[in-house]
Amino acid sequence: MKKIDFDTISAVILEEFKTYTGKEIEPLWAFNTFDVQKDSIVGFIGPMNVKIENMKDLKDVKEEKDVEIPIQSSEAINFIVEHFDNPDLKMTYLRQRILVSTAKEVIENHVNLKLKKSGDDLYFNDKKLSVCIACRGISSGKIHLGINIKSDGVPAYVSAVGLNDMGIENTFEIMEEIASIYAKEMSKIEKDIRKTLPLF
Amino acid sequence: MKKIDFDTISAVILEEFKTYTGKEIEPLWAFNTFDVQKDSIVGFIGPMNVKIENMKDLKDVKEEKDVEIPIQSSEAINFIVEHFDNPDLKMTYLRQRILVSTAKEVIENHVNLKLKKSGDDLYFNDKKLSVCIACRGISSGKIHLGINIKSDGVPAYVSAVGLNDMGIENTFEIMEEIASIYAKEMSKIEKDIRKTLPLF
Amino acid sequence: MKKIDFDTISAVILEEFKTYTGKEIEPLWAFNTFDVQKDSIVGFIGPMNVKIENMKDLKDVKEEKDVEIPIQSSEAINFIVEHFDNPDLKMTYLRQRILVSTAKEVIENHVNLKLKKSGDDLYFNDKKLSVCIACRGISSGKIHLGINIKSDGVPAYVSAVGLNDMGIENTFEIMEEIASIYAKEMSKIEKDIRKTLPLF
Amino acid sequence: MKKIDFDTISAVILEEFKTYTGKEIEPLWAFNTFDVQKDSIVGFIGPMNVKIENMKDLKDVKEEKDVEIPIQSSEAINFIVEHFDNPDLKMTYLRQRILVSTAKEVIENHVNLKLKKSGDDLYFNDKKLSVCIACRGISSGKIHLGINIKSDGVPAYVSAVGLNDMGIENTFEIMEEIASIYAKEMSKIEKDIRKTLPLF
Amino acid sequence: MKKIDFDTISAVILEEFKTYTGKEIEPLWAFNTFDVQKDSIVGFIGPMNVKIENMKDLKDVKEEKDVEIPIQSSEAINFIVEHFDNPDLKMTYLRQRILVSTAKEVIENHVNLKLKKSGDDLYFNDKKLSVCIACRGISSGKIHLGINIKSDGVPAYVSAVGLNDMGIENTFEIMEEIASIYAKEMSKIEKDIRKTLPLF
Amino acid sequence: MKKIDFDTISAVILEEFKTYTGKEIEPLWAFNTFDVQKDSIVGFIGPMNVKIENMKDLKDVKEEKDVEIPIQSSEAINFIVEHFDNPDLKMTYLRQRILVSTAKEVIENHVNLKLKKSGDDLYFNDKKLSVCIACRGISSGKIHLGINIKSDGVPAYVSAVGLNDMGIENTFEIMEEIASIYAKEMSKIEKDIRKTLPLF
């Protein structure tokens, strides 16, 4: 485990493989698992394997009712973000968009290819590269972003793509870069709000 | 004037030239000028010409104390954003980052060049392409983003670049696209928060 | 199903009979059932049949401990309101009062009779015409208002009255009118906050 | 001066005549003038005489630009409400609607006539009976409601009506009743939020 | 039961013995048990006997995993505080610190001894005198403070001290004083926010 | 100037004398003067000399109307606190109480004397030792606490006392200790909210 500490947020990078099961989206998971007592972004590589009862996006739930495990990938970069400063769901969705844009930019900078971002989804050649959800608990806002590394484990009816399909192999490095740029951005915003004159 | 209405936000595009003077950052400017009674993003092309007493970024003010008009450009795409749903300054800064990322992506999609985003600034070849501020009034959050079209009016000590220097001429189209993607994103987030299960 | 869309809220009117069981007060019910991704008011006619474990008003719960199904009516107009803009409970109670006042006014305009409003209850000739509760989930505020059409199903110890007892038969029309006036009022307030100067 | 104290709000009734000049809408006016250290509703009878620079409704300001004193009445019941619990503008507008509905109901109960409420305005026979504004300062939300007693001082281009025109003479009593019902309602809501189970 | 009513908060003092089991921290406990419909501080004397599944401080949970009942004392002064005005967790923790400081001061004033406060813990001669937790539900913030009267029931590995060990016997009086000073302080703050000019 | 950095707050200690004029309470003063881009507590020693137009406590203003400079002391320890995380006035007043309690405790620990705290005031032998105000700007909450070192400059009608009168000479050390304990407490609370299970 590698930890980069900013003033108000920690970026934690797991070196070992870990499956995303949907349990990691629960409040205080980073505190429980890694003793982090700041806001946090945790990155790890491993399969995604979410049972329908752990899904938070009701739209997906409704569309996938007849499927056993709809969020599934044999290997993915996963990020779990938790913010306690303001658990408001809209604020969490704004942060989610920033995380997805950050991922897009970092990936594009590693290959000479362009991704498409639509809402909170990333596409390459009209194929789905990622899944993402933002949600809130009573005292914190949470985000999961999963970026496929391989595309073979994804449900058949989804036209998916993985980073490997795009020729990207240094996924660990990309994961680290996304986590650290996101944490730095959040940290910078804390500074920005402390230098700005109000309007009258 | 062209207006694209989303449920909760209007994108307004001015066809005539207009100077950004810093007064446009004041609360209710879009309502006063265009009768918009939604959240809004207004785009217009024209010089930036902000007197130091209209500047909101105290860091800039401190650094530019001896300069008469530090935010200056002979021609720029300008965006004025106003949100009334939650005037919180942090939320406004999160939206600002989304606006800047949107601008970056739209510009990159129009030429085969890569920009660099650092905080709320855009750079091309280490030259500054944009200025940006987020601030809050009592009941609304506001953002100004100015993207240089020409680089000649910028203060001499700033190493600046304009869209024209990058070979981009269809600035009106780019402005329209940025405004409409930003408005669509904000509108989509309103939908997203209405389909998400809370965490327990 | 009939749907009237305002900018930020949808009014949904069910044409078929539906029982109010207390489950409808749960977050995201309107999204789950009708795919509404705005704030919403849903109106339907049918019995009220709420088990004590689904009751949210602890005062009622305490008073009715020995009763099996305390909120009960053989036929009622039911409204389910959900707002995601601010889940704060006080805000939800303020909206609840506005909904009850709207109902009172619409009903009075259809017959030449005066109702009495006390808190969130409506009375006719000192007999109880309605039940109402406001509550909050993690991300949304919810309201249920039930207006008796018939008075025969109401628990015996409550002195109840129904719209039919008052000579009102066009209950569907009244339901539609209440839902649409409430939605319009909420929509108008969104406009109002975008035309008001702050105080200094 | 008469003061009725509820737990969280005081209703203050002035016995002497007092002009509404627009200054009374400023934060802390009730504390400054009457030493009230709760939320408050202050009622007084007197002319309304608001200069355009004291107007907070920009829509009115825009429409009345060429008029000297657009909010004007030779005699009116005036209410000034201030809440410090949550200065949010939307919350203040919700309360404003409740105040206007309360006024409507009290007036209707005193004569056998029906008023019409549209947004925050009251009408009798399509003539304007009242003016109303909600606004927020940094730490409090404020409301002014003015109900014409006489209709002769109102600007000529407004088709106005006063309580006297409707045959209502006991204006002091009506004022007292509105203030006290409003205060009681706000006080009741505080109790209601302390008896309601949250949703899961 | 003794009840002292302030405008916005009630102090409730139980005269009979009562065990603290961890259930008392649940939202609306004071309403359910004592019909209090204000914010509240309830004080009672009795053992503390909290099962691990009722513990809210995850740090304690992690450290005490192998222990059956880690929060335990044969006799303690217990306070249960609930605030509905703003359920925000940080606000609840700020209030918790005020409660602990109040306890410290009242105890010190009754004997000629000095306590040490570290975070939310009180120590006498480096021995732990108290346990404390702040937490939030959906609509309210809650605090439990337990001050040991006897030290014999405390888990062996904790070096504990009780008020009796310090020569303090009038524990009922101390409990009453702490509850009433806390309630008065919260009530005074409500007044203070209604006399303060905002900053421009 | 000495600066102690915690994660979310900086404690700044001025070594040189500085007068408190009331201007220091303005938003962003610490950023403007010391380039602090965190929440902050700044401590300095010097006279207090506040003109009535710079006073924020309207109660004091009303009582001192006929006095030229009512907040006055020839030498005092001054603290200026600013928090941007939540500018809410009630939250700022809660923090103010914590600051005053901290000051009380540190002073008592340096001499064998007991102070009395009443609201936000400290007394020794019924003589006033301190003045304090909490207030909010648009985006931040601010606190000033002034603790008399000498009592001779205080207005004649106030029965005042200074730390020197109590035999305390190491005022610089006391100032430093108060600032650092306050900052540590705020920093600890940030950690505490990130280890606490929510209530259901």
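We call the chains A, B, C, D, E and F, going by the order they appear; numbering starts again at 1 in every chain.
Just so we're on the same page, contacts are C-beta pairs under 8 Å (C-beta built on N, C-alpha and C of every residue); 3 or more make two chains touch, one makes a residue touch a chain.
As the structure is a computational prediction, the values presented were derived from the model and not from experiment.
**Q** Provide the labels of all chains in contact with chain B and in contact with chain E.
**A** Touching chain B and chain E alike, sorted by label: A, C, D, F.
**Q** Determine which of the two chain pairs, A-F or A-B, is joined by the larger number of C-beta pairs in contact.
**A** Counting C-beta pairs in contact, A-B comes out ahead.
**Q** Once chain A is fitted to chain D on CA atoms, what angle does the rotation have, in steps of 5 degrees?
**A** 180
**Q** Just the number, please: Cα centre separation of chain C and chain F in whole Å.
**A** Averaging C-alpha atoms per chain gives centres 50 Å apart.
**Q** Quick one: chain D and chain E, Cα centre-to-centre, how many Å?
**A** Chain centres of chain D and chain E, defined by C-alpha means, are spaced 42 Å apart.
**Q** Could you put a whole-Å number on the gap between the CA centroids of chain B and chain F?
**A** 39
**Q** By the touch rule stated above, which residues of chain A touch at least two different other chains?
**A** 27-28, 31, 58, 84-85, 89, 136-139, 190, 193, 195-200
**Q** Does the chain-touch network form a line, ring, star, complete graph or other?
**A** Chain contacts: none of line, ring, star or complete; other.
**Q** Output every touching chain pair, sorted by label.
**A** A-B, A-C, A-E, A-F, B-C, B-D, B-F, C-D, C-E, D-E, D-F, E-F
**Q** With touch defined as at the start, can you tell me which chain E residues reach chain D in the complex?
**A** For chain E paired with chain D, touching residues are 7-8, 27-28, 31, 36-39, 84-85, 137-139, 190-191, 193-199.
**Q** Of all residues in chain E, which touch chain F in the complex?
**A** So the residues of chain E touching chain F come out as 25-27, 55-59, 85-86, 88-91, 93-95, 97-98, 101, 104-105, 108-109, 114, 117, 119-120, 133-138, 142, 185, 188-190, 192-193, 195-200.
**Q** Which residues of chain B touch chain F in the complex?
**A** 58, 62, 89, 136-138, 200
**Q** Where on chain F does chain B make contact in their complex?
**A** 28, 31-32, 84, 138-139, 200
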